[in-house]
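These are the structures, in structure tokens.
Here come two complexes built around chain A, the first alongside chain B, the second alongside chain C.
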Partner chain A sequence: MTSKRSELLLVIAGLVLLLVLPHILYPVFVMKALIAGLFACAFNLMLGYGGLLSFGHAAFFGTAAYAMAHSTKLWGWPFEAGLLLGVAAAAAVGVVMGVLAIRRQGIYFAMITLALSQMLYFLYLQTPFTHGEDGIQSVPRGKALGFIDLSNGLNMYYTLLVVVLAGFWLIWRTVHSPFGQVLKAIRDNEPRATSLGYNVDRYKLLAFILSAALAGLAGALNATVFQLASLNDVTWQHSGEVILMTLLGGVGTILGPVIGGALVVTLQNYLAASGLPVDVVIGLFFIACVLLFRRGLVGEVIAWNERRKGS
Partner chain B sequence: MSTEPVLQIRDLEAWYGESHVLHGMEFDVRAGEVVALIGRNGAGKTTTLRAITGIVKKRAGSVKIDGTEAIKLRSDKIAKLGLGYVPEERGIFATLSVRENLLLPPAVKPNGMTEAQIYELFPRLQERARSQGTKLSGGEQQMLAIARVLRTGARLLLLDEPSEGLAPVIVQHIGRIICSLRDQGFTIVLVEQNFRFAATCADRFVVVEHGKVVDQVASADMDAKSGELAAYLGV
Partner chain C sequence: MSYQALMAQLAIGVSNGAFYAMLSLGLAVIFGMLNVVNFAHGAVFMLGAFVALFLKLQLGLGYYASLILVPIIVGAFGVLADLALLKRLRGLDPLYGLLLTFGMTLVLEGIFRYFYGSAGVPYSAPEGLVGAVDLGFMIMPLYRFWVIVASAVVCFGTWYAIERTRLGAYLRAATENATLTQSFGINVPVLLTLTYGLGVALAGFAGVLAAPIYSVNPLMGSNLIIVVFAVVVIGGMGSILGAIVSGFALGILEGFTKVFYPEASNIVVFVVMAIVLLVKPAGLFGRAT
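And now, the complex of A and B:
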């Protein structure tokens, strides 16, 4: 009972923190961290619960960003419609990529997803609607629900917070649903899950599409907050970054990727001003984490807590 | 009782990569029977079960379950024909609790056992319901592995070495459970090294050597043939 209560307290403390954070820190920075957290969480659905490492998640993020930017800027769609289109577009790319990749495992799965996302990158580089290297700039933020003016920083922040929390909630629900149980069973012992009568490919495909859609949600939000959808969103480096965030925070934990995402964004932000080579420092940090905390930061805390309870 | 076998195996061959393991297995199992596959290590008993369930993918010949040809089907489709497989390594899902493991399997046929019926058969599992799967003892894991397939409604059970590595008292308990399942009308194919354990509830012994059936002995003829069986098993 006490662990339930402490969990609840932790959630409430987290929510209060998120509510006051934009008054302490620069709101755009917090939004960037939240988007990174959602993106990593979506990715973790596949790696942590499906046991499959995708090296192409930037494709979903970027596709949704372009869909959001194009629909709101050129077609004048409202914020919510753009968001839905972004998510749908990412899910559609997820269907195609998933169908092609899901029967493979391990390194083959990673390579196929990487190859397909690179194809999409070159497609976006060439197609006129993305404006190539320039990207789609000055995307209007518009109004949420028709009356919340998102050009105001705090309005944008709280709207984004609601959407991101809804995304987290959906991931949490999925992981704790019977569907999530089957996913964990497949990750633990795929042949056993199959011989019990589960069509594991179908479960993995559904998880992949859901993961793609949620990565798309992060991408669409990103385009609105930064008023930009660019090729950067679709690069393989971006796919690599989300792997890094997830591993740093803790694979297969709900909170881990969020912490990992926030951490990487924080490092990028503060190192950029320091004049140090950002990527090198993050790389060193990553090596240190892998050597010292194999389970990721949150994973280590959970393991420590279980050891403490056990003794 | 129908005379059509629940499981009919003809000319079953199977390969692990290049290595040819089964060379034309043939045997039938009728409804309500308990059949024990016996033979030395490496004879192909486990592979036979894995070929029936489709876990070994490279296979040929014919496996009919309730008259349906299963040799070309995927593992999950074969399970849906009403087949429950308990592998030697038990395959408990490590990150799920006992209860989650128990509730996980899909219903492949109607009238699978309810949770209450399972706990009646395995009271120990109810006591451990919240424990994580991997924290169970070997005997408890075996009970959970059997209980899990009973939930699915499968009436044909394949059990691979259910007595392996367990304390004698647990082996007896598992033996009683297998006998009680037979009494409830389940059809069971058992792979066993522990001949004495198999003898407690098997109706028939199928002797496997070099990936083939070399003899079949009804339990009634056991005494007369015990010398031959000992020779097959090398004991």
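And now, the complex of A and C:
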């Protein structure tokens, strides 16, 4: 009971913080962190709850970004329609990649998703609608629901907050649903889940598509906020970044990826200003995470809390 | 399409395949023993090319000296990396090995990018390997021909060492059952570290071979390594011979695609991977896992 109450308090405190934050920090920065958090959470659905490391999540993020940018800029679609198209496009890519990748497990799954997303990168490099190295620039932000002018920074922030929170809520619901329980069972012991009569591949594929769609949501929002969809969104480095965010925050926790996302974005911001090589520092963080705290920040806190309760 | 142009693309294809074969061979050897997918393989390939460049600029050492020295230097780097980092992950989920080596890749590439940008530095082939050679059925750039011969020798040598020598037998035994092998008095931990060093040295050797063809640049490895991952998925990681054969075969296929449908030459290996996954998920030479 008390833990339920403290959880509720935590959620309320978090919401209040998110409402106030754009008045304290630069709104675009907070939006960037929120998008990263959503992206990492979507990725974590696959790694933390499905036990499958995808090395190709940038493909979904980038595909949705292109769909959003193209539909709003060239077809004049409204914000919501672009968002839906982006999510649908990412899910469609997720279906194709998922069908192929879930045929193998573990390390092969990672290599296959990496290879397929690289293939998509080459396709986007060559197809004319992405405008190659330039990307789709000056994407209009448009109006949410037809009357909220998103070119205003705070309007954009609160609209984005609503969409991102809806995404978090969906992830939370998924993890705590019977579907999420089956997923965890598959992660912990796949043969047993099979022997209990679950169609393991179907569950994995569904989780993969959901994860892809939510990563797409993050990508589409990113295109609107930064008014740009570019090849950078689709690179393998970007897929690696989301892994680091999740690892840093805590694999298999709800809050971890959000915190990890915010940390990595902050780090990148700080490094970009300092002139230090960003990749090197990110790489060192990777190494440190893998060697020293594999549970991530939130995972360590949970483990510490349980040890304290136990003693 | 003229016969000569077709053959020229084929020659490029075979020599690209030679790089795929050498790199996927190293990946297969490392994965077989350490259960680690070495993401840093591409970065080490790049490191090999840069070390060759340094040896030339700083010490005035030529190409042939580099061909011998670079694998030793890069291999020693691999041994140190294994002792300092990878060794701590033995027995854990192989995903951590992938992530650690991914971090190593970012660090290595980041350092070279910091100092050299993304532009390449040219490295010329030795005088003896400039020009063309008449093979009877075609005329081929001599250096490409040399790459194919050298990599075929190295691949065969590695295969022979692992499948036909006593040390190779120890390696295979340790892959099969490390505990039992250790109980026979064989020092398996040292064997593992040396295997990583050897696999990495192979990538360093490939890097020197590649230096005169591609300009030496910080990103030369990372784009290659993802294609090599696809090659490894196609061939199945369990098999040394499979890695070599599929490496060469896919290089040739890529060469042909450049002739008949150039737009697809970047992605043909990935398309083949998708088809293989649909038809034979374990890979062409792989055992089901």
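Basically, the second predicted complex is superposed on the first by the 305 of 311 C-alpha atoms of A that agree within 3 Å, B and C clash if a C-alpha of one lies under 4 Å from a C-alpha of the other, contacts with A are read in each partner's own complex, and residues count from 1 in each chain.
Everything below uses one rule, namely that a residue touches a chain if its C-beta (ideal position, glycine included) is under 8 Å from a C-beta of that chain, and two chains touch if they have at least 3 such contacts.
Since the structure is predicted, the reported quantities are computational estimates derived from the model, not experimental observations.
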Quiz item: With the two structures laid over each other on chain A, which partner does A:200 touch: chain B (first), chain C (second), both, or neither?
Solution: first
Self-check item: Which superposed partner A:291 touches (first chain B, second chain C, both, neither)
Solution: second
Quiz item: Which partner does A:105 reach: the first (chain B), the second (chain C), both, or neither?
Solution: second
Quiz item: In the superposed arrangement, which partner chain does A:26 touch: chain B (first), chain C (second), both, or neither?
Solution: neither
Quiz prompt | First (chain B), second (chain C), both or neither touched by A:270 | solution = neither
Quiz item: Touching A:185 in the superposition: chain B (first), chain C (second), both, neither?
Solution: first
Quiz item: Of the partners chain B and chain C, which touch A:169 in the superposed model: first, second, both, neither?
Solution: neither
Quiz item: Both chain B and chain C contact which residues of chain A?
Solution: none
Quiz prompt | Contacting residues of chain A [partner chain B, same complex] | solution = 178, 181-182, 184-185, 187-189, 191-200
Quiz prompt | Touch list for chain A against partner chain C, complex | solution = 53, 100-101, 103-108, 110-112, 114-116, 118-119, 122-123, 125-126, 236-237, 240, 243, 247, 277-287, 289-291, 294
Exercise. Can you check the complex and tell me which residues of chain C touch chain A?
Key: 31, 37, 85, 88-89, 93-96, 98-100, 102-111, 113-114, 222, 226-227, 229-230, 232-233, 237, 263, 266-267, 270-271, 273-274, 277-278, 281, 289
Self-check item: chain B - residues contacting chain A, complex
Solution: 53-55, 74-76, 78-80, 85, 87, 91, 93-96, 100, 103-106, 108, 148-149, 152
